[in-house]
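Below you'll find a set of structures to go through.
Two complexes, one shared chain (chain A), two partners (chain B, chain C).
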Partner chain A sequence: MRQYILRRLALAVPTLFLVSVIVFGLMRLMPGDVATRMVEGHGYAKTLDALRRDLGLDRPVHVQYVEWIGNIVLHGDFGRSYWTRQPILEEFVRRFPVTLELALLTILVSVVIGVVVGILSAVRQDSVSDYVGRILAILALSIPYFGLAVVVVVVPSIYFKWTPVWTYVAFTADPLQNLKIMLVPALVFGVTRAGPIMRIMRSALLDVLRQEYIRTAWSKGLSERTIVLRHALKNAMIPVISLIGLQMPLYIGGSVIIESIFRLPGVGLFFFEALGKLDYPVVQSVNLIIAAMVVGLNLAIDLSYAFLDPRIRYR
Partner chain B sequence: MSVATPPIDATLPRRTAPARSRPWYLDVWVQMVRRKPLGTAGGVIVLVMLAAAVGAEWISPYGFAQTSLRERFIAMNGSHWLGTDQLGRDLLTRLIYGARISLYVGFGAVLLGSLLATAIGILSAYFGGRVDMLVQRGVDAWMAFPPLLLLMSIMSLVGPSVWNITVVLGVAFGIQNSRVVRGVALGIKENTYIESARAMGSSHTAIAVRHILPNTLPTIIVVATTGLSTVILTEASLSFLGLGVPPPYPTWGGMLSLAGLDHMYQAPWLAIWPAVALSLAVFGFNMLGDGLRDLLDPRLKGG
Partner chain C sequence: MHRRLALALFLPLVLALATQAAEAQTPKRGGVLRIAEREAPGLDPHLTISFLSHSYVSLTYSQLVRFPNGPEQKHPADFSILPDLAEKWTVSKDGKVYTFALRKGVRFHNKPPVNGREVTAEDVKYSLERFAAKSGFNTRFEPVGAIEAVDRHTVRITLKEPYAPFLNHLANPSFCVILPREAEEKFKDFNHPDAVIGTGPFVMKSYEKGVKVVFERNPDYFMKGLPYLDGVVIEITPDAAARVAVLRAGKADLPHIWGWVSPEEGKALQKTNPEMVVTPHQVIGQGFIYMRTDQPPFNDVRVRRAVSLAIDRKAWNEALLFGEGCVDSGPVPCALKEWKLDAAKIDPARAKYLTGYDPAEAKKLLAEAGQAKGFTTPIFHWPGYVVPWRSYYELAAENLGKIGITAELKPEEYGKYISTTALGKYEKMAMGPSTPFTEVDDFLYGRFYPELPTNQSRVADAELSKMLLAQRREMDPKKRKQIVDDIQRYLADKAYYVYVPQWPQYVAHPPAVKGFLHHDGYGLGMRLVYTWLDR
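Let's turn to the complex of A and B:
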């Protein structure tokens, strides 16, 4: 087990190296120049050359890359924003709880809906409830979350005179108010993500319910509830968990849009605002941090299989 | 003991295979209509969208940028079936032209992406070894990014335009799906007929193009059709953020975007109809893709 973890960690290093090269290369090789934008209209410096020298943009690209990645690896320093001169990691850490809370609530919503509907669908295969469940899943798959979000923001306020709460309050300041604010975004996002979970849940459970040990459980005279919830569900959850892991990048990418619609001051909004200003260091470092998180999460999920399914053993 | 062999009954009707003169790419559609009602429904939606996109000039009652300040924020009525927006532009017209942009970008990106996925996938699988190793680590790194973040980063640098977003989405689609093509090509590579082709002195190119490519084609078609809905949805998300197709072109994502939020409070149909159009399109492509996948490549069958 320990050796397996070490091997997986070692494999993650070249991946993350390539990730850093890709994101840095994209930022520098593509057209679009932050310095021009900062001088024109914002007056950050007298001349372009002065600003470039100030930001270190006048040096060769590989020197800039080595400096950026060197500071991260050696000092844990992810650089500063060109515009605000604030350290990026500090801002990221300050905003991350918002994004994490949104992601966790979204996953909670989509798992609860997906698993419940999936179980109902699988247990009564080809019944009316199965068809209703499957059609709901297809609908959920087809509705774009930002479309639903805009409709949910606009329509109730017109017809029911009810508007989702806008101003963000931290969980630590007022937990109840905070949950009230997060509820609508998490519901909107979670509902549209429940479709795939429901489909995987249904097919996995159908698969498990046909296995021998379930027949044994029936012949022991156990109740259906016990068989489905205690015996079958645990094994059927494995594909669901790996799906959530695979979809983690989608949850994070989607949070950019959800945060911008509901004005949640999370990492997504930070990233989006930095993009608008072509703030290279912020875009690079946030991309890199998030990619590292995705890689780490996938590893954690692979390891969690060992606990969920005793048949999987690693050497 | 001898076993009497029954005399051959010459009158027995000869067992013949049912006449299947149709090639597989036509047969699929017949099977679809017969066996896959949802897939057929998806196909119909896609056809309607195609017709709207191709004939936008003839179908739509107004021009997509035709403003009429006297007719702002009209709810549905006889002359504007779905109402008008803040500049008095007809919403139905803009939705029809929006279908055109969605399909332009969708088909363009998927076509480019499929070519790229095929090339990368087959090359990586066929040559194996170090080439495969290098290419696959690159793909790994690319897949570690949340796709939307990476695409947003690129689009904000190259700037919004129809051409840019098509190319960017196409390249992303190609890299991501090259892995599926590679998987299938790896299996095909092990067949005896590849070995015999090599023994007969076929060149690498000939083997890749004449033997491996045709056999990966069903997979590529499935990947392309199921991918269309994702690409259309991604284009809409980017346009929604103002990073996709720039105005004045009407796009469904752009019509929903936050820039118009204040107007939507006055005219909720401005939010509802583009969302419905987008959902219908995604539904159509999803169902068509699912149906095609079941018929063409049962191995890829998902949940």
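Let's turn to the complex of A and C:
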């Protein structure tokens, strides 16, 4: 197990190196130039050259790369934004809890809905509740979350002069107010993400319920509740957990629109705005940090399988 | 008898109403104005050209001179020059030496490291030189020779040549705010919220990134008794639909840094929230088709005239702008009233190439130019501009198709558009809006003088260039206006740019917001000096 973890961590290094090179390269390949973008064509050559020198863009690309990655590896310095000239890590650390909280609440909402409806659907296969559950899942899958978010924000403002948009307050400052602010976005995001979980839950559970150890459990005269919740569910959760793991980057990416509409100061918006402004260091560093997190998270998910199914061994 | 009775009954009512009206007109002190707006990309006024950045920090800074606002302004495009930090100024007879006498005893905000020190001529020199060195707008200062601090309260600016637009540029809140040197020394630039230290009506109290910016009244502001507001909060709201939603829900007083909403949103607001104050303004703005006039086929004036005659501006105005737009939108924008020469005042035979619609003549002109079979051209553009633009591109392509020009829409990513196409680096044809400048020189010299990056149509017309230089060197406003009129007459049938209709912006706020008058001069601080809350 320990060896497995060490090997996985060692493998993460080339992965992250590749990510850094690709992101760095892609940013430079993007059409347009950040200095011109900053002055939108109002500046003339002299100003632009000074600006480029100021931002370090006048040096060869490989020097820029080595400096960026070198500062991260050697000093933990993720650089500064071209636009605000403020340290990136500082802003990331300030914003990350917002996105993390939104992601966790979203997962909570989507898992609770997806798993419960999935179980009901599987246990009562081909009954009315199964059909209702499946229709709801398809419906949730087909509503785009950004559309739902706009409807939830705009419609009550027109008819009730009320809107679920508040000024963000950190959880540490006022937990209740914070949860009140996060609830609606998490519900909107979670409901639309519950669909795939419900479908995977249902099919995995159906699969497990047909296995022989379940038949044995039935023949021992155990109650349906015990069989489903204690014997079948744990094994059926493995694909569901994998799916959540796979969707994790989606929660970060998708949070851009949710954060923008519900004015939550998260990482998604920071990243997205930086992309539009060609703020290379922000895009590169945030990408690298998130890539490192996804690598770590995947490892954690792989390790969690052992807890769910002790037969799984790591070598 | 009846009359007396009526008088006895009505007099108190009339008196009561009169007192109420008087009360309503007396500004109340206090209250915090809440604005829903996107985050500004930075706070240093010289390191960004974003109107958002400039509007944010305009609450905190002053300039040497400024534009009128609130009760001072005659109309939203009133760009007369008022004293700000400079109490008075003189201009030498040859128009080359400006001497400004600073107001005495004006202090910077009481924040470290400046700690309420008095503003001096050295600060003015430092700030203007920093603008000339760093700002993306610094072409405005090309004619400036030397900036000297003559004594503690006198600044002398010597120009290389007479330059009529100079005071307007000094008054523009996007350009020449006065900054304290110590803040740059401590914070490297003016991006850090703690470095935002000015002499303006409000003090930046706190800035929670991505959440809100809090401003409080500057208790030592040099305009006594102003501002009325205790403070201003900008709540960062990136999404446009959410900004209008918070306005409707009473959680914001302005849905945009200047209170702007689109005509569609404005009309919808009037229906759903009849209590809301919604006022349309013809703002300075301009959109055009630009062409490589240095290359075939657009080097032939007949082809350019054909393009202009193909555009059915009235139909666009009806279909997209509720008929409220201005179809005579160039070369000087409709809202720049003091400089605009209406097409109606120009010989109709020439003016038709500015505003006319005549596809039959357009075809004839193309045939004369040897393009009877038509030709194919791309229209480079950025599809992300505000609402009517996407339809504009399509309508332009459709209109051109009717006279035999096959236009292929070529959308570009913003970074590429703004750093290539918008700087005149494109093939054949492109389309987009202009920055709403405050000085007519930017719409004339900036757009038509050879070799400038803002001369997107690559115009090189010796006769025109002579007039362009003459108007910026003419210090007598009346004579300058005559030259500007001549330029507009001259340009009418050249069709170097083909102008498309300009729409009004709607300014929306709840009825409790009083004294908030729209002004086209960027910034926000001075608008809020006269704004008060009736609640």
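One rule holds in what follows: the second predicted complex is superposed on the first by the 303 of 315 C-alpha atoms of A that agree within 3 Å, B and C clash if a C-alpha of one lies under 4 Å from a C-alpha of the other, contacts with A are read in each partner's own complex, and residues count from 1 in each chain.
Quick note on the criterion: a contact is a pair of C-beta atoms (placed from the backbone, for glycine too) under 8 Å apart; a residue touches a chain by one contact, two chains touch by 3 or more.
Because the structure is predicted, anything quoted here is derived from the model rather than measured.
Colleague: Clash or fit: chain B against chain C, after overlaying the two structures on chain A?
Modeller: On the superposed model, which is not a single observed complex, chain B and chain C clash.
Colleague: May I ask you to decide whether A:Val63 touches chain B, chain C, both, or neither, giving the answer as first, second, both or neither?
Modeller: After superposition on chain A, A:Val63 lies in contact with neither partner.
Colleague: Once chain A of both complexes is superposed, is A:Leu18 in touch with chain B (first), chain C (second), both, or neither?
Modeller: first
Colleague: After lining up the shared chain so the two structures overlap, which partner does A:Pro249 touch, if you call chain B first and chain C second: first, second, both or neither?
Modeller: In the superposition, A:Pro249 touches chain B alone.
Colleague: Counting only touches as set out at the top, which of chain B and chain C does A:Glu40 meet: first, second, both, neither?
Modeller: Touch status of A:Glu40: second partner only.
Colleague: Just checking: does A:Phe262 make contact with chain B only, chain C only, both, or neither of them? Give me first, second, both or neither.
Modeller: A:Phe262 sits against chain C, while chain B stays out of touch.
Colleague: In the superposed arrangement, does A:Pro144 touch chain B (first), chain C (second), both or neither?
Modeller: The answer is first: A:Pro144 touches chain B but not chain C.
Colleague: Of the partners chain B and chain C, which touch A:Val154 in the superposed model: first, second, both, neither?
Modeller: After superposition on chain A, A:Val154 lies in contact with both partners, chain B and chain C.
Colleague: Output check: A:Met30 vs chain B and chain C. Expected answer is one of first, second, both, neither. What do you get?
Modeller: both
Colleague: Please work out whether A:Leu9 is in contact with chain B alone, chain C alone, both, or neither, and reply first, second, both or neither.
Modeller: In the superposition, A:Leu9 touches no partner, neither chain B nor chain C.
Colleague: In the superposed model, identify the part of chain B that clashes with chain C, out of 7-15, 187-195, 205-213 or 241-249.
Modeller: Clashing stretch of chain B against chain C: 241-249.
Colleague: Could you tell me which stretches of chain A are touched by chain B in one complex and by chain C in the other?
Modeller: 30-32, 150, 153-154, 157-158, 260-261, 276, 278
Colleague: Mind listing the chain A positions that touch chain B in their complex?
Modeller: These residues of chain A touch chain B: 14-16, 18-19, 21-23, 26-27, 30-32, 138-139, 141-144, 146-148, 150-151, 153-155, 157-159, 196, 199-204, 239, 248-250, 252-254, 256-257, 260-261, 271-272, 275-276, 278, 283, 286-287, 290-291, 294-295.
Colleague: What residues of chain C sit close enough to touch chain A in their complex?
Modeller: It is residues 39, 41-44, 47-49, 133-139, 188-189, 191-192, 208-212, 235-239, 241-242, 244-246, 248-251, 272-273, 412-420, 422-423, 435, 453-454 of chain C that touch chain A.
Colleague: Show me the residue ranges of chain A that touch chain C in the complex, using the header's touch definition.
Modeller: 30-34, 36-44, 47, 50, 83-86, 91, 94-95, 150, 153-154, 156-158, 161-163, 165-168, 259-266, 269-270, 273, 276-278
Colleague: For the complex, which residues does chain B have touching chain A?
Modeller: 38, 137-138, 140-142, 144-150, 152-154, 156-159, 229, 233, 236-237, 240-241, 243, 253, 256, 258, 261, 264-265, 268, 271-272, 274-275, 278-280, 282-283, 286-287, 302-303
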